[in-house]
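Two complexes, one shared chain (chain A), two partners (chain B, chain C).
Right after this comes the complex of A and B.
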């Protein structure tokens, strides 16, 4: 029971980090139509930016804010300089994925070239921890969960009540039609890159906090979790990604308590392949026609 | 130059070139984006290793692994190729018709990441992170693997294996089967509608490419004698992709060039970078990866076709001519294109095909070729031309067919019968559900409810390619030519029962399929001449004008030997004079037994050629009759005006 509760605690934190990342990823895909595999690389770039500031004595929470802003700006740039030109030229979706894989190498190993191949960690206090029968969470973990809930609520508000959110949904559903209805889809797409990029930076820093120590290639496997959560919920479905993140986060950590931790990704992997093979529209999507 | 250095270079070049050829076949030719390609090379490496290694208790049991059979050369290499091919089978569910190509690619990428993780962490199977080492080299008992002669022999075998793989993939690619693969790459939905079994084509490509990758892995470990997870990270696949993209996707020589430039070249260049202790330890390898990423992105932008682009396949053919056979004496009812129509369209009055003796010899008699254009399978239907349309046999039928898109009923319970030898029109305002109905009849879209009957049989559950093989052929509303195939190749891609259009036929070689190919090319040339596009036979279909592309599509559908032809706005964007010519051809073909169901907005076309005409609105059939009857129906007129 104790082991189980402890793993649920870990699972909640992983799910929170994953939810932030997956919502950003799925929004990006829905609105911009780019299956951006470089998402994990941008995450780790944000985490390292916060690390650089942190190692120069800046508080990590300030580092987090800077990373969010930088990843938002970086993602907008990434789109403007790379993805958008390819899309304007009518590149096929598969070409976009190959381009994003190329960008993954550039960003991820660019970070590695700059930072060296060693693992690093933030200098920060974990704060007081709360324990109840094996279920232990530190103050920082509570903050991570809180941030994640905030992001979920914010996403809901954005999509449901704001003009921008409605425009994003319209653009996701049918870009051409949205444009013909007077929505400035170009601006909506740029805004989406900024928002999803910010979420990506946030996810990167909280991922690094949660992981304890990290290096430039740490998000390779985390991207598998993001993809699993996204496809579980249905690609492009923000609420689906939240659901997928909770399921995948809890499943990986709880299973890790009972099997060797290095195999915990297997569950996410199996979930992803089953969804791809059986129901590519996701749990919340329509059955494949 | 040090000969060991040269040996090393040549073996790596051969192994990388083999891998790139396998990937070029999958990705460049067939459009199967296998981001997990490295898994197959890894599987080949491990298989060869555990087949060649003695039991793991040898050498003091410092490594543990499955197998250890100590088998003699060449069994490890054969095993590597076989296992490389077989492990493709579990992935087939990812590459079927239903899953988007980019999603399937992501699935394969994730599989590569995860399998590497498992191999790294699970020691009993393949010695985990440390990997396998001390793998016996081929024939190590008989010869001294350290000698220069042995190393050169191994190099020669590796290069020969690479050459053999090149010949193999070239033979596959240059065959009619290779054309089907390229057609699938350019537009898989359309290839499906022309009778290509996408799942089978893609599975075969995964297996063939996997076997090639497996063999390359087997040869590699015979040389380096170790194999560990670090050698096959997911990013190694990206290097191979970079090589194929830079060399030229779809050009096998380009794949070899890419292999020499990227994986081999990078390894060699970094050899000459002076090592310095002042540099961070990971800097050079990291920058190597950055450079590969930059190469991919910049090549896709600047020169997406690669250094050696896919070359154009020019197929020359003499059109079939009715030289020795007198043209059938039946009067030409359409009054146009007399000689050509008469020669290529079977009439009720035409002599039975078997009796016409033609000098064309192996190409088949003119009459059969002509009948093939108009639907050879309808030749045994007697005298459809004399019956009134309403009395003829129903060949295609929709029964209470429904199609919903997320709650919207695009087609809400349509029943429709199409009779043999008629030219049935389908009209209605935008959004009436005409194209959706057509797609359901052809099998491109599954029905939400209802039944499709074809030739008296329920075909509701049959996939599009199986319906196409039964002679139910459709065209598409949007341009659907295979862009990187020439016009001639577009036409040939649709020909059914070409004996070179299977892996076995392709492997049997050109001598086996040349007869079928030449007969089909002659038929295609005749068709091109009739539609006046013979000058464009060797142009890429993607370079034609909109109207010309529609003609290519119609001709391609005719090459598929249809019994029933479903045309979705065939005249859209076509010059009016040409549209009338197409209409005339269709009428002539219908007289020969072909059945046509045609969606068209141009009512003048309907007036002139179609009887009966079905009017649809808001997902339902409104009325049916001749065009002049429909004009008198106020609800039809209103639907058009309101819609």
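Right after this comes the complex of A and C.
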């Protein structure tokens, strides 16, 4: 029972980081039609920006805010300068994936060239630990879980109750129809890049806080987990991404406690494959036709 | 901002594209050239900027001379640092590059190799054979003046050593893989011990510190996995208990489950090698799950490097690392003429070596820093002695200079040794790594010491391990 509770605790932390990232990723995918594989690279760029500030004496929480703003702006630029021109020329989805893969390498190696290939850590206290029957979490990990809940609630509110959220949903459902209904889809898409980019920056910094030590390539595998959470929940489904993140996070850590940890990601993907075999559109995805 | 309006906006952002895409491309090129695709020249401090290629060319008639020698004017020769500069083991490449910069600048200051200046080139293997093979092939295709290869860690040695050997290029490799104990590659040289000896050394450290229950936590890369079986066998032979054996996926972002398993197994100490961010992350998670208290760590010699200290100290605190961390390391000089020449050469490169971070003095104890400095000096002296830059010609002289012929004069730096060679004397080079004794497989291994860190990153020698201790643990 102790081992189970401990792994559930670890799983919740992993799920929290994953949920922040996956919600941003899936919003981006749903509204903009870009499967942006550079998302992980932008995450780590945000994490390094916060590191640079932190290493110059800036509080990491201020660094987090700056990273969120910078990643929001960076993502808008990324779309305006790279993805949108390709889309205007009618690039096929697979072309966009290849373009985003190229941007991954450009951003990741750019960060590596600037920051070096070695691991870094934030100067921050993890705060006191809370231990209860094998369940051990630090204050920072509680904050990460809290931030994740806040993001989920905020996303729900945005999509459900705001004009922008409704416009985003309409654009995601049918861009042409939304435009014909008077929605300025261009602005909606730009706003989506900004919001999802901000979430990407937030995810990057909390990812780095959680990992304790990170380098320019640290999000390579994490991006695969983001994809898994996204597709498990149903691509383009924000609530599905939250659910997918919780399942993937818990599956990796709980399975690691009972099987060898080397296979924890394998278990997560077996779960994904089984789920997609049963329900190809994901947990909350709409059935075709 | 309004999101609903009758208007449908279309904007041209050609001007942004025109400005930003070239900038992005430039950034990409910078990133690739400096670390990823890895074939960029790293100029040695005093090397001339250019010169005609001279691979395998006979050395010119210019005499090698001592410290007062003039600047070399011949065509430059290249020493290639074939090692990870990115990926989990990215700290290794800059460590070797520091020794390359130090050695080549000292050689160039002493007139070069018969008038040929040496420079350094980085070849990024990313610590992965799949990336290493094309990188090495590209190196040979693009480097006509190659004179020596250094690096070739356990991550990629099995894949690249046969290729380098097939090109008849001399190499000093930092691999401990046991397959090189008994397979003869004529152009392969090694000044570091087989990994199994290092495993014994780690167990011997645990013995000296009176630990009984040992947890193993090694990375899932080739270089780290080779320690496990010898360590388990040695633990059994020493009468110790294996508390748990955890394999760490170097691409993973957290190791909480592994850390929890280690904490739950109540070890007295943890033996580990998981480079990159893996070990620092594991340490911080163990500290967190162990009520804020660190479990003592025994690392390998690869942990004696500034990037490792910087990352691990940031993760658990420098004072914690100073009190709870030990590592085996080959015995190296810490004083005397060889060390003085080495430290002067290396410290002169402080702030000049790309990717070298942290306390630069740690490189004075880093195995790669010390032994590759010696390897470059041995090769350069062999070139001087044989009057050739062709490895097939200077190779035998390398062994002669390393092992010493009867009556040879012992010398401690390239400058002093080259002067003796110029005077027609037989020499034996003894660098900061101590005397070398190459066997028929060109392996020369030394004895071990126990290192710790100070809170400022300084490396301290706190004990020695005898050959008898290691023999007692050998299977």
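Note that the second predicted complex is superposed on the first by the 274 of 289 C-alpha atoms of A that agree within 3 Å, B and C clash if a C-alpha of one lies under 4 Å from a C-alpha of the other, contacts with A are read in each partner's own complex, and residues count from 1 in each chain.
Assume a residue touches a chain if its C-beta (ideal position, glycine included) is under 8 Å from a C-beta of that chain, and two chains touch if they have at least 3 such contacts.
What you see is a predicted model; the values in this text were computed from it and never measured.
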item	value
Chain C versus chain B on the shared chain A, clash or fit after superposition	clash
Superposed model, chain A: greater residue contact from chain B or chain C	C
Partner chain in contact with A:84 - chain B first, chain C second, else both or neither	second
First (chain B), second (chain C), both or neither touched by A:110	both
First (chain B), second (chain C), both or neither touched by A:280	first
Contacts of A:94 with chain B and chain C, given as first, second, both or neither	first
First (chain B), second (chain C), both or neither touched by A:213	second
Which of chain B and chain C A:167 touches, first, second, both or neither	second
Touched partner set for A:37, first chain B, second chain C, both or neither	first
Partner chain in contact with A:145 - chain B first, chain C second, else both or neither	neither
First, second, both or neither for A:189, with chain B first and chain C second	neither
Intersection of the chain A residues that touch chain B with those that touch chain C	82, 85, 105-106, 108-110, 112-113, 116-117, 216, 220-221, 260, 262, 265
Contact set on chain A toward chain C in their complex	3, 6-7, 10, 13-14, 77, 80-82, 84-85, 105-106, 108-113, 116-123, 126, 129, 131, 136, 138, 163-164, 167, 179, 182-188, 191, 207, 210-222, 253, 256-257, 260-262, 264-265
For the chain B and chain A complex, residues of the former touching the latter	31, 33, 35, 93-94, 98-107, 109-111, 113-114, 117-118, 120-122, 234-235, 238, 241-242, 245, 280-283, 286-290, 292-297, 300-301, 304, 406, 445-446
Chain A residues within the chain B interface of the complex	35, 37, 82, 85-86, 91, 93-99, 101-106, 108-110, 112-113, 116-117, 216, 220-221, 224, 227-228, 231, 235, 260, 262-263, 265-266, 269, 272-273, 276-277, 280, 286, 288-289
Touching residues on chain C, where the partner in the complex is chain A	1-11, 13, 16-17, 20-21, 24-25, 27-28, 30-32, 34-36, 84-88, 90-91, 93-94, 220, 246-247, 249, 251-258, 260-261, 264, 276-277, 280-281, 284-285, 288-289, 291-292, 307, 310-311, 314-315, 355, 357
